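One structure below.
First chain written, first letter: the chains are A, B, C and D, and each begins at residue 1.
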Amino acid sequence: MAGGRPSVLLVRCPDRPGVSARSAGAVADAGGNIANADQHTDPESGLFLQRIEVDDGCDWDRLTRQLDAGALDLGWQWELHHPRTDVSIAVACSRELHCAADLLTRSSIGELGARVVALVSDRDDGDALAASFDLPVHHVSPTDADARDEQLAAALDAANPDLVVLARYMRIVDPSTCERWWGRMINIHHSFLPAFVGARPYHRAHERGVKLIGATAHYVTPDLDAGPIIAQDTVTVTHRDDVADLIAKGRDVERVVLARAVRLHLEHRVLVFGNRTCVFD
Amino acid sequence: MAGGRPSVLLVRCPDRPGVSARSAGAVADAGGNIANADQHTDPESGLFLQRIEVDDGCDWDRLTRQLDAGALDLGWQWELHHPRTDVSIAVACSRELHCAADLLTRSSIGELGARVVALVSDRDDGDALAASFDLPVHHVSPTDADARDEQLAAALDAANPDLVVLARYMRIVDPSTCERWWGRMINIHHSFLPAFVGARPYHRAHERGVKLIGATAHYVTPDLDAGPIIAQDTVTVTHRDDVADLIAKGRDVERVVLARAVRLHLEHRVLVFGNRTCVFD
Amino acid sequence: MAGGRPSVLLVRCPDRPGVSARSAGAVADAGGNIANADQHTDPESGLFLQRIEVDDGCDWDRLTRQLDAGALDLGWQWELHHPRTDVSIAVACSRELHCAADLLTRSSIGELGARVVALVSDRDDGDALAASFDLPVHHVSPTDADARDEQLAAALDAANPDLVVLARYMRIVDPSTCERWWGRMINIHHSFLPAFVGARPYHRAHERGVKLIGATAHYVTPDLDAGPIIAQDTVTVTHRDDVADLIAKGRDVERVVLARAVRLHLEHRVLVFGNRTCVFD
Amino acid sequence: MAGGRPSVLLVRCPDRPGVSARSAGAVADAGGNIANADQHTDPESGLFLQRIEVDDGCDWDRLTRQLDAGALDLGWQWELHHPRTDVSIAVACSRELHCAADLLTRSSIGELGARVVALVSDRDDGDALAASFDLPVHHVSPTDADARDEQLAAALDAANPDLVVLARYMRIVDPSTCERWWGRMINIHHSFLPAFVGARPYHRAHERGVKLIGATAHYVTPDLDAGPIIAQDTVTVTHRDDVADLIAKGRDVERVVLARAVRLHLEHRVLVFGNRTCVFD
């Protein structure tokens, strides 16, 4: 366990009186100190979601037994994540390299709390970049969709990362791969969803004459650009900005929003419920 | 002419070499001083758009003759707006009063450079507010669309304002009234268009699980929420925000975006071309 | 108690294991349902701060007994705020009326959850505005500081509001009045503090050539512009903006930031510790 | 000349009627087409500043003669910048590598319109990063200020870049080097200036309890953090953010603001007058 950083306990169950006291009590009973705690009850689904940071020094076995007991009594699901130093990411990209390059750079200077271990691409534009960081590139077919699906699935299985990031990978991911990596595959879409779902959002933004553009990071589901949103942001544009300017300005929003979503995910701050997310930031 | 503020010259024509020199030359020839100038050439349409602020002390008659000559030579259209103290606005609202109230307040404390002279509503929620500011209310039918169309048209004709503002007036405006007030009727829509066109955008934003909401001020055209956009902004939301919270947070974005659009319009900073706007801010 | 809205329980004490479980347990024991809960432990001071929204239907007497017991055992301080319909605000202003006018308007349309009951001013610029809303104005001396201090203190005592808002009241408030209303008096300062403490921040911002301006809402303490910050925001400016433009653009930031701080305070979302605030938003 | 991109003409002189017409006329006379034009008159200094984008196809010799004639008649200073493919940047950094790494990455994927040709550092933290991009590192003394001044001056003279970027180089640059690279040396400061000039701004921001942090890119002058500001931005923080969180969140603002300033400078969009900048964006 990496020194200093807390462990993260996630709890989810149908809300009922006392559930919050029970989880906090379990930590207290195990001698743990709660560094931070955040919770949310979704009024529509009646779902209770909680994230607790527990400092080192807790009796983890005792806590585990208490959490198992709570699972029986209250029907909660729980996860306990201890800090790790070997978290890994696979990045898929295509022609636009800024998001992949940004993640590689952050990984390289130790900012991400994770290491990029593989790059997947349907093009060779990113080869030089990967070489700079001594990273293997898994090429997938740019033309044959079936072959590409298989190659992507195989590459991800081989890399076996904790997280897959589609960093402007401009291909549809087949449903079985979406299913296989559900909740562990993040995409950056270059618009403030749900506006401009699909291809060429900056072109359509220009055509519509919007005064701001944006980016959205979301978990990937088989429905195109419709998965649970983790992070979004926008930036102002003007009539002076042609499509090339929108693309250039958009890059900065994309990379920052994507890196934020990756960080939030890796710190176990994102809980998905239905098609929405609870982000304990 | 109100002392101190500059006059505004707007020029528009197909772009060609020398047109910018010609308009600046016309002002110089008339002894005018250019306090500010901004121009834009739209590369797609080839349209040249220019806004020039001319200080008082210009020979306006001479400038007018020069501009007319330019219209013959270069085919430009021009408008010259001297500062006025009697600019008037008609505001239409419905149940949600925050936008109308904000405009009334700004008008009242002299912040808007214009006076709200009439309130139109299909409900009586705004009557007390209007009474506070000694403002007449024109009631239009909440149930009979044809009657409402006529009543709205009549109310606007009677008030004869420089600008009509739909400040959360939740009714469709009929095409002939749209046409009648083309380029002089601004609507605030409570989403970042083109996302969530139409009714209940905050409900749909909540359902989609977006992480930001927004507002859009645009000129009204017969196509619902599809007119030229003047101003937009967004604000961050979280999983903690239910629909009521989105509505509450959205109010601040709506009123600020709408007031900004009204100011930009009244200062002749917005030029419409196609379905887009050039905003010389 | 106003139907629908939850009561708010605030707890503060030196952090120790189990304190969070104890407060949640107290609510559960009293049959209360926790609609929302948020907590924070300040690592430097070791202070534990908690805000719990409890739905109606709780046995408040039983909860009170439990909280008193916790005060004995754990040394916590607690406050329990039931929703009220008679929350009142006194607003102090001077020459610039936009913030006062905004609060009055929001109060008038029921957006604030509180009623503005008195206006204090060292000038008569706001008299017409107050008259529009049938509000008494307490005039304080524009020239005699000692008299002004007494008049302000008397006016606030007479109005006896839940909250005092200095809405661009450009006078120093004497230490005893600061002390008297500690934690219940909010000021809006027209800069992003700590930049441009004191007079004429927009002039100094223009001189320094900054590319953004801002506003800060904070609790008032005897140290000028140095009290605990509740909310801040900024807006972009350019070389085109002269001081008058900065002032105009700044107004929208000021009123939105101030209204946000007032709302956060009235919903018991702001806990002061040291010279900082915990904002449970 | 790089195909496609326009040349940039910059004009500056005391404002007088007709100057704008004269520069536009010069371009028209030389058969040039104005793709974009922007101008500003500073009311305090009476200075006229103009930026004109001229499409290829202009008779540059004829334009030059016209501009020289204008210099005689109107006393203007002009610069004409044709697009280049060999623009170079030297980057200085220290322990925090995110800004340097970001510029290197952008340079590497062709996003910057310039190549980073040298890295200067008083530490060896950046050596691995530089090696990834096959970039020489000039080490300067971490302990001996006089030696460091000489080594920095020598390294910059050797690299002879178009632009020097201090990318979290945490050392004072001596006045003669400031002078030598005046208007061609950009620093990123990790606060929204003028707040938190000098060392440890995030620590001081945390201590003050601010609700937003920011970053400022400015030209370097001998006065610490007091040079003309090019770009600034802020990001929201909360009570949950400790100093480490501020530093982490700040990184994204720093790198985006710095990259924006570099782009604006390289596109000749920034004109310095007095201690302020005109940014024709």
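One rule holds for everything that comes next: a residue touches a chain if its C-beta (ideal position, glycine included) is under 8 Å from a C-beta of that chain, and two chains touch if they have at least 3 such contacts.
Computed from a prediction, not measured in an experiment: that's the story for all the values here.
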| item | value |
| --- | --- |
| Comparison of B-D and A-B (more C-beta pairs in contact) | A-B |
| Farthest-lying chain, centroid of Cα atoms versus that of subunit D | C |
| Whole-Å separation of chain centres (CA-atom averages), subunit A against subunit D | 34 |
| Chain centre separation in whole Å, for subunit D relative to subunit B (CA means) | 36 |
| Where subunit A and subunit B are represented by their mean Cα positions, the distance between them in whole Å | 40 |
| Interface hub residues of subunit C, defined as touching at least two other chains | 36, 40, 43, 240, 281 |
| Subunit A-facing residues of subunit D, complex | 36, 97-98, 101-102, 104-106, 108-109, 111, 128-129, 132-133, 240, 248, 251-252, 256, 259-260, 281 |
| Subunit C to subunit A touching residues, read off their complex | 15, 17-18, 20-21, 24-25, 27-28, 31-41, 43, 236 |
| Complex contacts: residues of subunit D adjacent to subunit C | 40, 42-43, 192-196, 208-212, 214, 228-234, 238-240, 242, 274-279, 281 |
